[in-house]
Every structure is written in structure tokens, then in C-alpha cells.
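Each in C-alpha cells, the structures are laid out below.
Common to both upcoming complexes is chain A, partnered first by chain B, then by chain C.
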Partner chain A sequence: MPPSREAMVHRGDEDEVCPVCKSSRYLNPDMRFLINPECYHKMCESCVDRIFSSGPANCPVAGCHKTLRKNRFRKQTFEDIHVEREVDIRRRVMTVLNRREEEFDSKLDWDNFLEQREEIIFNLVNGIDVAKTEADLQKYASDNMRSIRANQALEAKEVTSFQERQNQEQELARLRRQAAKEEYENERKEILAGREDVLTRLASGRPADAATIAREGQRVLLKKSSARRSEEERIRLKQAALRGTDAKKPGQPAAAAEEGGSGLIKGLRKIKTPEPEKAYDPFGGMVPNQRDYYTLQDHYPSTFLDPVRQDTRMLAGGYDLREYYSRTLLEAFAGLGCFIDEEVSKREGNAFNTMKPVGTQGAALAATSDSQAGK
Partner chain B sequence: MAFSPLVAPSPLATAPLKKSAVSGPANPVQENESFPQLQGGADREITEQLNDEVRHKYIKAKKLGEGTYAVVFLGHLRTDPSSFVAIKKIKVNTEYKDGLSMDAIREVKYLQELSHPNIIALHDVFSSKDQNLNLVLEYLPRGDLEMLIKDSNIHYGLPDIKAWMGMLIRGVWFCHENFVLHRDIKPNNLLIASDGEVKLADFGLARSFADPYLNMTHQVITRWYRPPELLYGARQYSGAVDIWSVAMVFAELLLRVPFVAGNSDLDQITRICEAFGTPTEDNWPGVSKLPNYIPADASHLVPVQGRDFFLRQFPTAGPVGAELLMSMCTLDPRKRSTAYQALRHNWWASEPRPTNKEDLPRKAGGTKKMGDDLTRRGGELDDQFKNAARQLDFSAMKA
Partner chain C sequence: MTEDDFYRTSSQFRLWSFTEDSLRSLRQNTNSLASDRVRDALRRAREARQSANSSAAGTPNPNGSDADSKPGDEKDIECLTPEEEQELVRYYCEQIVQLGESYKPPLPTIVRATAIQYLRRFYLTNSPMTYHPKTIMPCALFIATKTDNYYLSLRQFAEIVPGDTSAEDIIAPEFLVMQSLRFTFDVRHPFRSLEGGIMELTAISQGLAQPAPHTPQKTADNLQRTMLSLPQPPNTNQPSSAASISDRLARAHHNTREILKSAAQMTDAYFFYTPSQIWLSALLLADRPLAEFYLDTKLSGPKVDKSPELTQIRTKLLTTLNTCAILLQSYKPLASDPDQKKALRRIGKKLYHCQNPEKVNLAGQKRIPAAAMAAAAAAASASDPATPDSEMERLAKKRKLESEAKRRDDIFGGELVMERTRERQG
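Right, the complex of A and B next:
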């Protein structure tokens, strides 16, 4: 087993000295060193407690004027402080520039993006053009808040599902091992039992049967183990199928660049915003109460209709004279809206449709011949 | 408003079929077109030739259902085996020896006038060799609303109900705009097309309305869906009768059982009074003048139910939906909303949005159901209700 990281850190550091309080591990074997990702100056735990417990303060290292906070202090992961710093920067940049390959138009664009990201990290690590790079990153982060969040969520989901899958696989492997072990046990027991059975039969039977009994015993054993093997195979297949369905496909990537594009990253796939659903039209596209040639009134004087107006029995049944008005007027004016010439020319425009309604065509043709006769 | 059947969007735009060929001679071009054939077989009448032409357009395949009134076959166009139709063959009726049965005439008369996505399309009519009338109807393979209501394995919610109701009321509105009363709206006359569209079918009891001084029969509409004015024997009525039926279908969709299911006409009135309130001269002026009005027992007066009742009874509908339902089952037909008013209601704009028709719950086995639905005589209840409800008496029916 390789030595733990703790041991690695401590090895050879026997006389490590805190640059702030100058106490060494030799005097204080429990001493732990902490760093702050603001400036990466190393100091011991007691110094951190001492200096920063009462709120943010300046770094005690001479020449460093960074303001540090206690809650940002942590243990060093890598021995080399430069590696530690680069890893931190990389992590920060990666959480902002967390585009996924699916979001790019082509492989080339994706590769370009990866290169761009590396360059940004390189610049930040080596202090090249830091202000501008930081500003770019900041702007990108605020412009693309939504997609960054969405991609983070996706990533988290993938990680959990991966873990789940692993756990599942481990569990399955454990079960398989257990089953194999049990089976081996069973087989062994059965062989013993079979042997004993053969022995007793041999002991009680006639000497002439000995050979047949021995052969039989052999065959029974073989049959059993082959049956078990096929059963086992079946179970394995079933489990494999289960695993197959469990392996969920990673979710769709979040919508790419927000409106106006990200500016920083090129080649992002255009988001196809689904067309907004039209408002529900209760009339199904028809225009109600479209009366081109008349307006309907609530009352038309008519002596013929007067008795109806007085007949409570008719009115109580729901009979409504307005329906009668509306119907008579509709019937009187209905034909006026139909321009047969127009309809015919429209239909001839669609002449490729061979299965057109014959009846209406017939009526139309009849009407045109009428109009010709009229001329 | 003029909705010409020519202009209305045709649901079968992909396979337009010959429309309304029942009256061949009225159609001059058909004569012209078939003129050369006429010379070929001059011994036959032109109407016969036209009829044959239509008949040969379709191929009858298997039988989908058979009832007392009609047999329904699955058929398809001879030229295109993938364009299915339902062919409803009306049986020569013993009651109408010398002519066609009234239901068939009504069905043809009104269906060929109406072309709307929510009304079953009548493609053609022809007579077969044994002089039977055959209606070529749109093929609606996904059963009816009753099937969905009854199947407890099917779960549907308010958005689905809203979508169905929208389609139903649109169909009824279109009928009323064209002055046709359906007079038999109930869940098993609301068939479902393959794309989920609900279509009003069975126009066997339909008639035009609004003619003054013309008596209409009150013995229409299946009892559970019959409005109080018809139960009281009104002879002049309006589109409000259909709206009552629509409201009952709405209630049934919400509750998944018929809301007021009386087992006789009298029982139906009693149940309506109990549920919605007793009709009186106050809430329904003139009700006592209706021919079959039964004065309510003064000690048993139920006040007209308000919003609270509907909200309590139909919590799934939500406050706006309950209000729409209430407006559609007002006792006084003059105060009941019309189909137009119902469609203008703000329930359609309120949340949740109606389900898209493609995503509505569906059920297999609708083909058989369509066969059963189309063979039923108007106003009849299904077999499973036979014990619960008396058959309607059609001897009193005059159109």
C-alpha cells in the first residue's frame, strides 16, 4: 500500500518552520500548515487562528498586502504550491467555461474552445494579461449565468448517476460472487451426497450392478451441473439487460448561448427556441358572427310574429325569435358571399389534385355556364 | 353568418371525397361527365348509372357492427386502399315499408349540409342492390367518449376534459350556426378520430329549427341528457336543448358517471329538480304553461343552486369551469348560455391549457365501438342500460 498523502507531506518536513511565527514541527509535532488561495502563503494553524479570528486582515508575510479571510484558509493538497495554485485557477475557469461538446457546431469549434480555455488558464497562471482575461471571464459569467447553471446541474446529475451505476455494479458483482460461492458449496455437498449414495448402493446391491450404479451416479452429477450452468447463464443475461436499461443517457445539453451570443466563445450551436404555442382558440379558427351584408337587430316589427311574442308557452320552451331573424337573414344573404369564378380559378390552380370533390366542381361549372349564358 | 360547406376547412383535405351525391340529377356536371356512359347503356336510367358510379368507388370490407337499425362496414376507396371509410347500411325498416326511415333521411339531409372538423363527415350516399341506403361516413377508429369515461384504467385530467369539451361545443356551435339541432348529444355519440378529434355523430334525430309556429317533438334526446323543457313537453324550443345535453356530458366527464340518470321521464324531472332546483314561475317565467308541467310540491321546493353547489359538486372543474357548467345547465332555456356564449367564456383562456388533440388519452378497440355507435337508433341507450332505462317511445315522434 502506498503511503498516505498525510505521511508524504510530513516526510522530510521534520524541521519545517512556520514563516510567520517561526515555530517548527520539531517543537510542535501537531503543527498543521494552511494556505489561502488569495496569495498561497503558507502559515501554521495557530497563526491563522491568531491573526484572522477577529475578521479579515492583511497577510502577515512581508511584502504581501492581500487581505485574507479565515474561512478561505485550507489545507494544501499538492506539495508544490504552484501546482496547487494552477489547480485552483483551472477549477475556477472550468466552472465558468463549462460548455459541453454537444453545444458546438463542429468538432473543430469544440477543439478551439478547449484551446481557448487552456490559454485563459495559462494566462492566469503565468500572470499574462490578467486584468483583461479576468474581465472577459467575469463578463462571460454574468452574460451566460443561465447556461452555466444548467450545465453545472447536468454535470452534477451525470456524476450522481455514474456513482449510482457504480454502486449498482459493485452490488451485482457482490451478488454474483456470493452466488458462485453458494453454488460451489452446493455442488460440493451434492458430490459428497452422490458419492455416499453410490457407496451405500454398492454396499447393498449385487456385485454385478456395481459398474452400472457407478456410471449412473456420474451421469446424474453431470446433468445437474449442466442444468445449473444454463440457469446461471439465464440470470446473468437478465442482469445484463437490467444494467442496459439502467444506464441512462446523459441529459440534453442546456440551451446554448443566451440571446446576443456569448462573444467569448465562437461556433456555438444556435439555439432553436421552440415556437411559442398559439393561444387556444375556442372557435377553432372560425370567425364568429361574421355578417358581411347585414346587421342583425333584436326586433323586427311583424304582425305575423306578434302572437309568438305574446305566447308564454312558446317562450318558456326556449323558443327565441332572434334565432328566426338570424336564420331568415342568413338564408336571404347566404349566396352573396360565394364568388364562383374565384372559386373555380382557385380550384384550377390546384388541378394537380386529382381527387377533388366532384360535387362542388359540378356546381361551380354549372354556375359558370350560367353566367356565360347570362352574357 | 354564412358558413358555406365549400369554404369550411375539410378534415379530409388529403383525400377529398365526392360530396353529397344523393341527389344526382340536381348536379348538372355529373350528368355531363357521365354522358358518354349514358349513350353506352341507354336502357338504364341516369340516376342508376350515377349511383353505380358512386357505389363502385368504395369497397366494403369487414363488418364492424350490426344493430336493429343499421349495419356498419369498414370500407375503403377502390383507388386508395389506405383511405378508410365507414359504410353505414341502413336496414329496410318494417316501420317504413314504402320509403326510407326518418332517421336515415335526417342523417343524410343534415350531414351533407355540415362540414366541420368536429362533425362526422358524410362522403357519399348510394343505394345497394337490395335498395338499401348506404351512407359513406368518415372512419373514426378510436371509439367514443363514453368508452373513455367508463374505462377506469384510463386517467384523464382537466386539460383533457377541456380539449374534449372545446371540440364538442365547437361542433354544436357550428350546427346551431347553420340552424341544425342535433337532439341526441351524449358521450357515445361523440366519436373520436384517429388524430384525437372528437366528432359529433348520429344525426338521426337532427332537424332544423327556429321556424315559428312549427311544432317539434319533445320526445327526443336520450333521457339522461334531456333538458327540463323537453321533459315538460315544450313543442317550441331552441338550441338550448343541445346545450343542456352538452352540460350533462361535461358533468359526466368530470364525475365519470352520468350526473342525473333518471330511470323514467318523471324520475328524470325529479332528479333534475333535486340537483339543480325546482323550476318555478320565479326562476323560469311561463314554466307552468308548458304542456306536461307538474306543479312542484310546495313543501319540497329546492332552491335554484348557485355557484357554491357547482363548486362543491365539481371540484375538478375549478371555479371558472364550474361557472361555465352552471351557465350551461340553467333551468330556464332563455337564460342558458348558447354555444357561442359558451365558447366566449374565459374558461378556455384560463389555466390549464387544453391538451393538444394528439396527446389526449386513447384506448384500443374503438373500431368495434364505432360499429356499435353507428348502428344504434337515435335516442336509445346502450344494451348495458337496458334494465336501468325504459326504451324511448317513438310513436309520439313527429318531425
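Right, the complex of A and C next:
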């Protein structure tokens, strides 16, 4: 491609003249023109060197007062300077407004976004509301720094993976071509060898057998080639299957829009950041040793239990009287504040028929089945 | 309250707690269902007998009791009422206590109490007309020995059971009972609760108690002082000064335990109240000032008065405990009441006539009637009385047909090999 672009640049510009130093290509065939995206005024390389080597300076074109720097000068890609400028603007806007389709709620929102982007580009290219549009763009860029970065990274990854895939495919195609070639070569060799074989046999055999030998040789060849063909088929199928498994879709949705989104773009999909998982609570919110009716003590005087506290036979196995204390006291008060009258009627109001019929139906079923069995 | 939430998770609260209305309607429902079935079954039995009689005329009626052969038995069979059923079940609950007493050593109270509750729960959804309590009762007791971890071998157990009950007879209805219990074997008893309460009361009386979380202002000393100055319960006839506080506690303990062993078991207290309410009501009956003092140590004081929830619980609790106490007090032991005995004899006679004849021989039936259940379910839907075996066959056939239909519907046909073999066969 480069030669053709070169040709395009140089086409019909034999007498192209640098607007700054007025030297023409006719005199200096190696002359290269550079532009600066600040003002897109064209000038020759030697002018750039001359004017901007000592630091930023004003554009030498009359009436243009833009300050230019040398490092921003570059070669022109397109012949039409307007196209060049539009492409530059487009690239700049695209790097900022780089939302992806997955980030939008609906197709319509995505289309609206595309239209909005085009409008911004159009405004910038044609100088409509430039200050406001630029300000919007700036604000958006600073607000959405993170998602822009994420999308850029994603894009880069996609590009590289695409390239990789393409390389892989090319490599595979090359291998296939090579295999086919070898195949062909082998086949040819075998045919030749077969023919040779038939000839030698004809030469050594009796004349009466000539026809049979020829027919046999033909058959052997056919058989070989058909076996080879089926083998090839098998290999090709296998490769196709392998390729099928390889071709996984690498692109995942970015889904990295900041909460609050941006004022500029509408219809972005809300991102639900998953609730941070709470620490596992084995008691389900209950405080293990919290009690409302009693305070558990380490010792309760009792003529019946006190001997246990000293009895080695009881304690040796790890028995702890405090377990008994806590159990009995818990049972003494568990359910003291459960008023079955109220709670059960409420429960039955909620789910009537959930518990009574189960019992009765079960009994009824048992009864009927037994009566039928007894019949 | 934290402790209440513990109780709310129990199966006793979830499945076996009722309001008075719901319990009554449940029993009513069970009774009417069972009555219908008993009438049907008796009618069938009579028809079968009549056809047998007509075919073999002249032979004496094999089970020719007077009641059966009389033409008067055409009239509607009189079934038990729910109240009569309840009386009968109560009688067998008393029997459990006596049966437990006859073992050596006697079965622990808690085993007997569990068995009683099993029996009571069983007869919420089953009627004595369908399953006679005399067959269910030993089974319930045997299950209770197992669930309460008091091991007895079945042989040992069967030796003591009166009548010519074999081990097989005892466990014949075991699955049935467990099913009716909805496989919830946990019964929360108030016995251990009572021990806990008495333990803490003893600590208070010795000035070693810590105040309850909601009444932190009460110190051990002032609790002890209040306790020592409590008035004597009105029903004691001893001189008040003579009895020491530990004697008083021991007496209250003993009396409460007696109430829990008898009245709490024989009434519907377990269905209406939680174990801690039951034991506190029993304590209320045994020694009212002591019980009220004990409640006050938990639920009274400036902090409690300030929170409306706690005061509400306290007032509600007091009414609940009083109604529970009235229920417990209404219990009269069977032995001391000749009227009840007479009534029971009448009920027993009545039950003899309205016993479901198809349910008498439990041992002959399958212990695990799962297949029968499935068959019944299918029969109920298809309304054709099939025996389990033919039902199984039918199901297998249906499954086969379905799979074949599926194979036909498959757009790519069935498996190749199968197709081929079928073609060859065809």
C-alpha cells in the first residue's frame, strides 16, 4: 500500500510550491510537506525545521496566529486537507466517546448515542457551537475517565486477539495447502509406481495373462486412491471440528459505566455492583449467649448436683455441669412468650389448610387404601 | 425474646400447637370422616355376610353374635362423638402411665409422657373407631422408649404388655403411628424446665442469684430478702414461720412435678401452651406467691415498665398462665371418679359396635403401606379400585408406551441399532 499512497501524494504536484518559502518541488524533488493539526496549514519540511527548531512559534501563514510546536507536525494522509481534519477530529471524539453497544439498555439508545456522536463530530468539523461542544466533551472525559480507559483496553485486546486469530487462520491455510500439495505428489508417485509394476509384470508374465494383470493393476490403484481419499476426508473433518472449538468469541461486554453515568449519554445500562457478601453468621443473627429471661451462672447450689462437680468419674469424660445448667434454664424459659392462641391463629390465617388436611388426608388415604386392599 | 425464638423453631410449635377452635374442628373433622368410613365398612361387611348366608343356608353364622344377627342392625350405626373419643384416648393415656409402672424398673416419667403425647397426637388425625387405642397404645410407648433413648428390646417390652400381645402385634402399627406423628418425634416436656426453675429459685433463696437481664437493678441480696418475706401459699395448713424456705421450695417442686406428671399429660395443655408456660402454671397452682415472685424477678421493674413490649408480654403471660392453671386444675384422676368409669364402660361398649371391621387385624397388613398409598392415590384419581400389583403393572406399561411414543416423535428417529433390529424383527 505505501507506494500507492506515496504516488497519491505526489500525483500531479510536479510544480507544488511551499506556501511559506515558495520553493517548488521542481527544484527540490525530495521536498516533503508537513501539516500541523492546530491549523492544517501546509509547509515544507525545511521550513518547519527552520521556524520551529528553536521552540514554539506562530504559524508563518499570513492571518493565522496559531502557536505551533515542531513535534506536532506530521505527514498528511489525505490529499484533501478537510478530510484530514475531519478524520483527526473524528478520531479524537471517538477515543472519548467510546461506549460500546453492550453498555446500552436498548438498540434505540445505542443508535441515539451514535447519532449524538456524529452530531458532535459534525459540529466540531463545521465550527458550530465549538466552545460548548468542546466543554461538554472535556467534562465527559474527566467524569468518565475510568470507563473510557476500560473500553480502550478492551478494544486493544480485541484488536490483538483478532490479529492473532487471523495469523492462526493463515497458518492453517498454509498447512492445508502444503498437505494438499504433498498429497498430490504422493498420488502421482504411486500411479507411476503402479504403472511400472504392471509393466514389469507384463514383461515377465505370459502373454495370456496380460489382460488380467492390466485389470488387476487398475483395481489396486483405484483401491489405494479411494482409501487415501477417505483418510483425507477423516483428517479434514477432524481439523474442522478442532477449528470449531477454537473459534471462541473473545469479546466480553465492558459494562463499566460509572454510577450516575453522564449527563451527555442517555440510556446507559445501570450497573449493579453486587452486594458485598456478608461475613457468614452461623447463628443467623442470634447472639449466642444472649438471654432475655435469665443470666446464666457458673454455679447453682443444689444438694443433688453439687456432688457431680467433684466426682472424677463424671468429669473425666469431659462432662461439664454448666451444660446442664444452660440446658435446663433455656428450657425453663424457651417459649414463655409464645402465645399459641395468637400466633397459631395468625399462622392459620396466613396459610390455612396447610397443616390440618395433611394429617387428615394422610389418615383418609391410609384408611381407603387399606379398605380396598381388604376388599 | 431470644428464648422464645428457640421454641418457635421446634416441631412441637410448628405442627402440634393449636388454638382451641382449630383443635376442636380438627377432631370434629377426623371423627366425621372416620364415622362415614365405619358406616361404609360395616355395610359392606353385612352385605358380604348376607350373600354368604344365602349361598350356604342352614350353616350357623360363623361370628353369630346376637347384635349382628338381629334385624335391628339395619338401623344406622351409632358412632362415637369427638368427646367420647377424647375420653377414650384419655383412658388409654392413663393406661400408659400404669403400664410404664409395671416394668422393672419403671419406665422413666419422660418416656411415659412422650408416649402419652404420641398417643394424643395420633388421635388428632385418627379415630379410635378406625384404630383401636389398645393396639396403638403399646406401640406408642415402644416408640417413646426409642426416641427418648431408654433402650428396651422388643421382647423385653412385650413381656410386660398385658393380654396375649406378641412382639409382632406391638410393632405392627409402628409405621402408621410414625406417619401420623408426621415423623416429628421431638416432644418438649416441662419437666426439665421445672428443674431449671427450681435450681434458680434455690440460688435466689441462698442469695447467690444474678439478676435477669431486664431487671439489672435487683441485687442478689434484695432478691433473697423479698423471697424470704413472701407470704405462705394459702393452701398450706402448717404454721408459716415453721417452714424454712428450702422446705417450701422442695414442697413446691414436688407438687408441681406431680401436676406435670398427671394433669399436664391428661389434658390438652401441650397443644395449647408451651412447656415453660405449663410448668409455671403448675407452679402457680402449687405455690402462687412463689410463682408470682419468680415471674416478677424476670419481668418487672422500672426498665420493664418503660418498654411497652415487655409490659405487654407480662400482662398477656399472666392471663395465659391463669387459663393454663385452670385447665390443669380441671383434671380429675380417673381412679377417684366413678362417673367417669361408668361413662368409659359405656363408650367401650359403643366402640365395640362401631369399630371399623377392616382395620382390626393390623398385624396382617403391611407395615409400610407405601405401595398401598400410591395405589390409593392413583385409584382416587382414576376411580378404579386396583390392587397394588396390577397398579404397578399398569404403571410399567404406561411408562413403556410413553417412551415408545417419544421415540416415534423424535425427528431423527430412535437409535439406529434399535431401528434396525425392529425392522429385522418386522
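Quick note on the criterion: the second predicted complex is superposed on the first by the 271 of 375 C-alpha atoms of A that agree within 3 Å, B and C clash if a C-alpha of one lies under 4 Å from a C-alpha of the other, contacts with A are read in each partner's own complex, and residues count from 1 in each chain.
To be clear about the criterion, a residue touches a chain if its C-beta (ideal position, glycine included) is under 8 Å from a C-beta of that chain, and two chains touch if they have at least 3 such contacts.
A quick note: this is a predicted structure, and the numbers were derived from the prediction, not measured.
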{"item": "Touched partner set for A:Arg291, first chain B, second chain C, both or neither", "value": "both"}
{"item": "Touching partner for A:Asp341 - first (chain B), second (chain C), both, neither", "value": "second"}
{"item": "Touching partner for A:Phe283 - first (chain B), second (chain C), both, neither", "value": "first"}
{"item": "Which of chain B and chain C A:Leu315 touches, first, second, both or neither", "value": "first"}
{"item": "Touched partner set for A:Ser23, first chain B, second chain C, both or neither", "value": "neither"}
{"item": "Partner chain(s) touched by A:Gln168 [first = chain B, second = chain C, both, neither]", "value": "neither"}
{"item": "Touching partner for A:Arg327 - first (chain B), second (chain C), both, neither", "value": "both"}
{"item": "Common interface positions of chain A, toward chain B and toward chain C", "value": "286, 290-292, 305, 327, 330, 333-334, 336-338, 343, 355-356, 358-360, 362-363, 365-366"}
{"item": "Contact footprint of chain A on chain B as seen in their complex", "value": "1-4, 6, 8-9, 15-21, 27-30, 32-33, 79, 117-118, 166-167, 169-170, 173-174, 177, 179, 209-213, 229, 232, 234-241, 284-287, 289-291, 332-334, 336, 340, 343-345, 348-349, 353-354"}
{"item": "Parts of chain A lying in touch with chain B, wherever the complex brings them together", "value": "277, 279-280, 282-286, 288-292, 304-305, 308, 312-321, 323-324, 326-327, 330, 333-334, 336-338, 343, 353, 355-363, 365-366"}
{"item": "Of chain C, residues touching chain A in the complex", "value": "1-8, 10, 13, 15, 17-22, 25-26, 29-30, 33-34, 37, 40-41, 44, 124-126, 130, 176, 179-180, 182, 188, 192-197, 199-200, 202-203, 206, 208-214, 272-277, 279-280, 298, 313, 316-317, 320, 356, 358-359, 365, 369, 372-373, 375-377, 379-380, 385, 387-388"}
{"item": "Residues of chain A that touch chain C when the two form their complex", "value": "286-287, 290-295, 297, 299-302, 305, 325, 327-341, 343-345, 348, 355-356, 358-360, 362-375"}
